[in-house]
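Both complexes shown next keep subunit A, but they swap its partner, so subunit B is in the first and subunit C is in the second.
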Partner chain A sequence: MFINAVVIVLQEILEAALMLSLLLAFLRYFNEVTTLSAVPRALLLRRRWTVYSVVLGVVFAWLYSVNLGTISEAFDYVGLEVANAAIHSLSCLFLVAIAWLFPVPFDEESDAKKEGYPSIRIGMLTLSMVIVVMLAILREGSEIMQFAGGIIGQHQSGLSVLYGGLVGAGIGISTGVLLYFGLTGLPPSWSLRTCTLLLALTAGNMAAQAVLLLTQADWLPYTAIAWDSGALLDEASVLGQLSYALVGYESTPSWLQVAAYVVGVLAVGMSATTRFAWRISKSLQLRGV
Partner chain B sequence: MKLFITVVIFCGVISAEVSAATLELELRIRDHLFFPATLEIPANQKVKIRVINEDPTPEEFESFELNREKVIVGNSQTVIFIGPLAPGIYPFFGEFYPKTAQGVVVVTE
Partner chain C sequence: MRSIRVFLVTSIVALLMLFNFVAALQGYQSSMREADTLFDNQMLDLARLVTNLDVSPDTSTALRLGSDLAYQIWQDGELLANSSNAPAERLHEFVPGFDYANFNGYRWRTLARYDTARSRWVFIAERTDLRFVLAENVVLQSILPLLLGIPLVGLLVWMFVTRGLAPLKRLSSELRDKPANDFSAIPTRESRVELEQVLSSINGFVSRLEAAMEREKRFSADAAHELRTPISALKIQLHNLAETVDARSPAYLELNDGIERMQHLIEQLLSLYRSSPEQFAAHSMPLDLSALVQDVMARLYPVFERKRQAISLEGGGGDELIVLGDRFALETLLSNLLTNASRYTPSEGQVVVALARSTDRISLTVEDSGKGIAEEDHLRIFERFTRLANEQEADAPGCGLGLTIVGHVARLHGAQVNVTQSRFASGARFEVTFPIGLQNSDQHKQRGESQ
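Moving on, here comes the complex of A and B:
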């Protein structure tokens, strides 16, 4: 039961931890850049929102887990897929919102350079980040609670599950911390590019997963498998699982999943943040950021 | 956008080709085991699997090959749609009790 608990908790924690690390890295970088631009200091993003999102995420995960039986029976026994697809769609939507709301400094086309950004925009951005992290914890946390609840109800192997869960959580959080320092340790222009790329891939991942869940519920039509890259990268392997957690790697995706993924990536890719990351990084180097 | 529309239409054509009447099967979970452990289904047909969990503990039906993942609460039932599939062997397992909860879907022509 020990190894089992390690694997399950690790898988679930990893996705939420990577999401949080990515947003924190993004945030740190943008705060650095905005300090040098015309955005007033009072509008700099603070990190207090992470506390709210974690607390809210755990509370909602518990509520979701307790009501899982009822949710599951809805819509002729596919309620779980529908609810999870809704959670994934919302995550995708707010990830895209983050990309579009980020205050892009040095944007010659806008007046923001002179006036700074309105606080409502910063507020909406913070809210979007709270929602994204909260939804990630809700998704993954409820599954851990289901697993743990079932074991604890049996009055056996409770301790080994607890230890296994702690080890799994430790590895998951460490991987998240590693990603954060990896991202923030890169040269600024590459850090921003990598962050933006990961944000786009995560949005695509969420859209593709929503589509997969609705296909599983028979709400969306079946589409053929687009390719089989299982020989190249096995989904069940450690690297496969890490790629799944980080960018939603799937060795046999359907065409509809691929289409949804592309839409998610493009929705982030067309934002001012992406344009800024790829185009104006030169001016950053001149300013010595 | 053009690409997306093309892909969606393309997918619609593919799905129309293989759609047939849905077959319904039953899969039970008892003492962290699947009954039956082998589900035989015909190729290119959508199948509705009614999973009945007779254990008091929750289980998660998971399969990398089938791209399926679903938690089934203890003492409850649920539905999972799979296919249409190409002939082959598609393993599945219970993620919460993977040592014992193992099964395969065998797809034949």
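Moving on, here comes the complex of A and C:
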């Protein structure tokens, strides 16, 4: 039971922790670069929202796991798959929104201040971040709660599950912390590029998972397996788990999943590049950062 | 603001936790494999033991096995003996080696062994779930210390990092507490290699600053004194001139104004220099603010009269308005505020001086009916040589030092200066609030410096 608990808790915590680290790194980048420029402090992104979103996420995860029976009976007993697919699609959508809203066009600073739109934009950006983190915790938290609910009562394995859960959570949280320090330790322009890349891969991951869930619910047709890289990197290994959480690695994806992944990555990539990539790198060059 | 300590502690603990837990995971997996081999070897031993049993009707009682183990002995396709929990069918193919089987509602690890001497097949079975639980319980004992150790390690890392950063903390508090006029070097004997460069640079800056201050001090003092003498001479010459030329001629009046402005400027420069925190040597004594205000008002009365301005004093009658301060400095503060009020208030305008006392502070306000000061200039006016746009309209432009001196003196007395709109249709209101209870000259100094 120990190893099962490690795998399940690690998988869920890792996904949520990496998402949170990524967004916090974005936030840090945003605040540091805007502090360099003349944007008033009131327009900086606050870190307080992370607390709200974590609390909201836990509450929703609890509600979700309590009402699991009702949810799974919906839509001809595929309600759970459909609901999870909806959560994943929403996450993907808001990740694209973050990429779209993230920039503050530095060379338009004065115009932006005059028109007053950055505060609205920052409000929307904060809201998107809150929703993404909340959904991640809802997704992963409800699965941990289901697992814990199934185990409680089995006195024999209680301790090994507890140890397993702690080890899984420890690995997941420390990976998240180290990813955050890694991302924020990079030079600003590289930090931004890496964060955006990871954001794009996460969005692809969300889209692919949504497709997989809808296929399981028979709402989408089965398509052939695109490849099998199980021998190269086992999904169940720690490295496999990490790759799954970080870039959505799956050893046997279907063609439809691959297509959804590519669409997710491109959506983030395009909204990010069109909005800010060249602008920011230009302003960074001007600034000599 | 990012904290070095939080970064160090979090990253070290995260790294330790990651490596420890991944190692625990690997350890768990390899220990479980080892335990499996151990259990298999035990089964082999048991098989050897069972092979050598004398098969007789009471064998099953002679060899009592726990409920987690079962055996069968077969010969020529017939079951010779078995444990009570073994099924009637054979447990394993007649092929030597290990396998799995399901019976009695459990999954069992099975072993088949053929004994050529007795031409018997011996089958041993062991419940996998119990084997697993037994092995896991042993292995988990080795993981427990790692789990319990992390909070302890976290605490220790926190303590060591805090200790490691202590010299930095000491240095920063030393710098914070250093009085502004203390140019002594920070001692380096207790320092660390990493701070050596910082310390030597700071000490270098401080000694250069001291030299610069000394030069400035000498220059201001020398310049002021050297300039005072020729101006006095000029004034005497001007006085003498009045006997030969018409003292009301515009050229004479302008010359007189010019010399007075120059004299004022030099006096202000001297005051500024004397009231700067680095130079100020307080001669603090309890002063009656009310009497002081009346004194200064009386002395400056001609200034107001010249422009036919009304000046009045409110409050200060009943309350005891004692502040601990330097008489000369406070007189300078008052006269600068009043001269300013007069200067920027048109003829026949109004100036009101008010004194008030609350539980913890004494406030002095000077309000005028002049043009007032735009809000964006409220901080700027305290800078040296600041001239505002509307200053050109004043009939006698100042030198831009008056309010800087007011700021200096206020800070030296732990007081605050606020600028707001006056009670009149237009005009400025300067409020100086002196705290009561902080009337200790050392604290004055500290406050002055920290601000």
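Throughout what follows, the second predicted complex is superposed on the first by the 248 of 289 C-alpha atoms of A that agree within 3 Å, B and C clash if a C-alpha of one lies under 4 Å from a C-alpha of the other, contacts with A are read in each partner's own complex, and residues count from 1 in each chain.
Please note the rule applied: a residue touches a chain if its C-beta (ideal position, glycine included) is under 8 Å from a C-beta of that chain, and two chains touch if they have at least 3 such contacts.
As the structure is a prediction and not an experimental result, all values here were calculated from the model.
Asker: Answer with first, second, both or neither: which of subunit B and subunit C does A:72 touch in the superposed model?
Answerer: first
Asker: May I ask you to decide whether A:175 touches subunit B, subunit C, both, or neither, giving the answer as first, second, both or neither?
Answerer: A:175: touches subunit C, not subunit B.
Asker: Comparing subunit C with subunit B, which touches more residues belonging to subunit A?
Answerer: Answer, by number of touched residues of subunit A: B.
Asker: With both complexes overlaid on chain A, does A:167 touch subunit B (first), subunit C (second), both or neither?
Answerer: second
Asker: Can A:15 be said to touch subunit B (first), subunit C (second), both, or neither?
Answerer: The answer is neither, since A:15 touches no partner chain.
Asker: After superposition on the shared chain, which partner residues are touched by A:6: those of subunit B (first), subunit C (second), both, or neither?
Answerer: In the superposition, A:6 contacts subunit C only.
Asker: Return first, second, both or neither, reflecting whether A:252 touches subunit B, subunit C, both chains, or no partner chain.
Answerer: Touch status of A:252: first partner only.
Asker: Can you give me the overlap between the subunit B contact set and the subunit C contact set on subunit A?
Answerer: Residues common to the subunit A contacts of subunit C and of subunit B do not exist here, since the sets are disjoint.
Asker: Looking at the complex, which residues from subunit A come into contact with subunit B?
Answerer: Within the complex, subunit A touches subunit B at residues 4, 8, 68-69, 72-73, 76-78, 80-81, 143, 146-147, 149-151, 153-154, 212, 215-218, 221-224, 235-236, 250-256, 258-259, 262-263.
Asker: Write out the stretch or stretches of subunit A touching subunit C in their complex.
Answerer: Residues 1-3, 6, 156-157, 159-160, 163, 166-167, 170-171, 173-175, 177-178, 181, 238.
Asker: If you look only at subunit B, which of its residues touch subunit A in the complex?
Answerer: Going through subunit B, the ones touching subunit A are 3-4, 7-8, 10-12, 14-15, 18-19, 22, 46, 48, 50, 56-58, 60, 64-65, 67-68, 70-74, 76-81, 83-84, 95-99.
Asker: Considering only the defined contacts, which subunit C positions touch subunit A in the complex?
Answerer: 7, 10-11, 13-15, 17-18, 21-22, 24-25, 28-29, 133, 136, 139-140, 143-144, 147, 150
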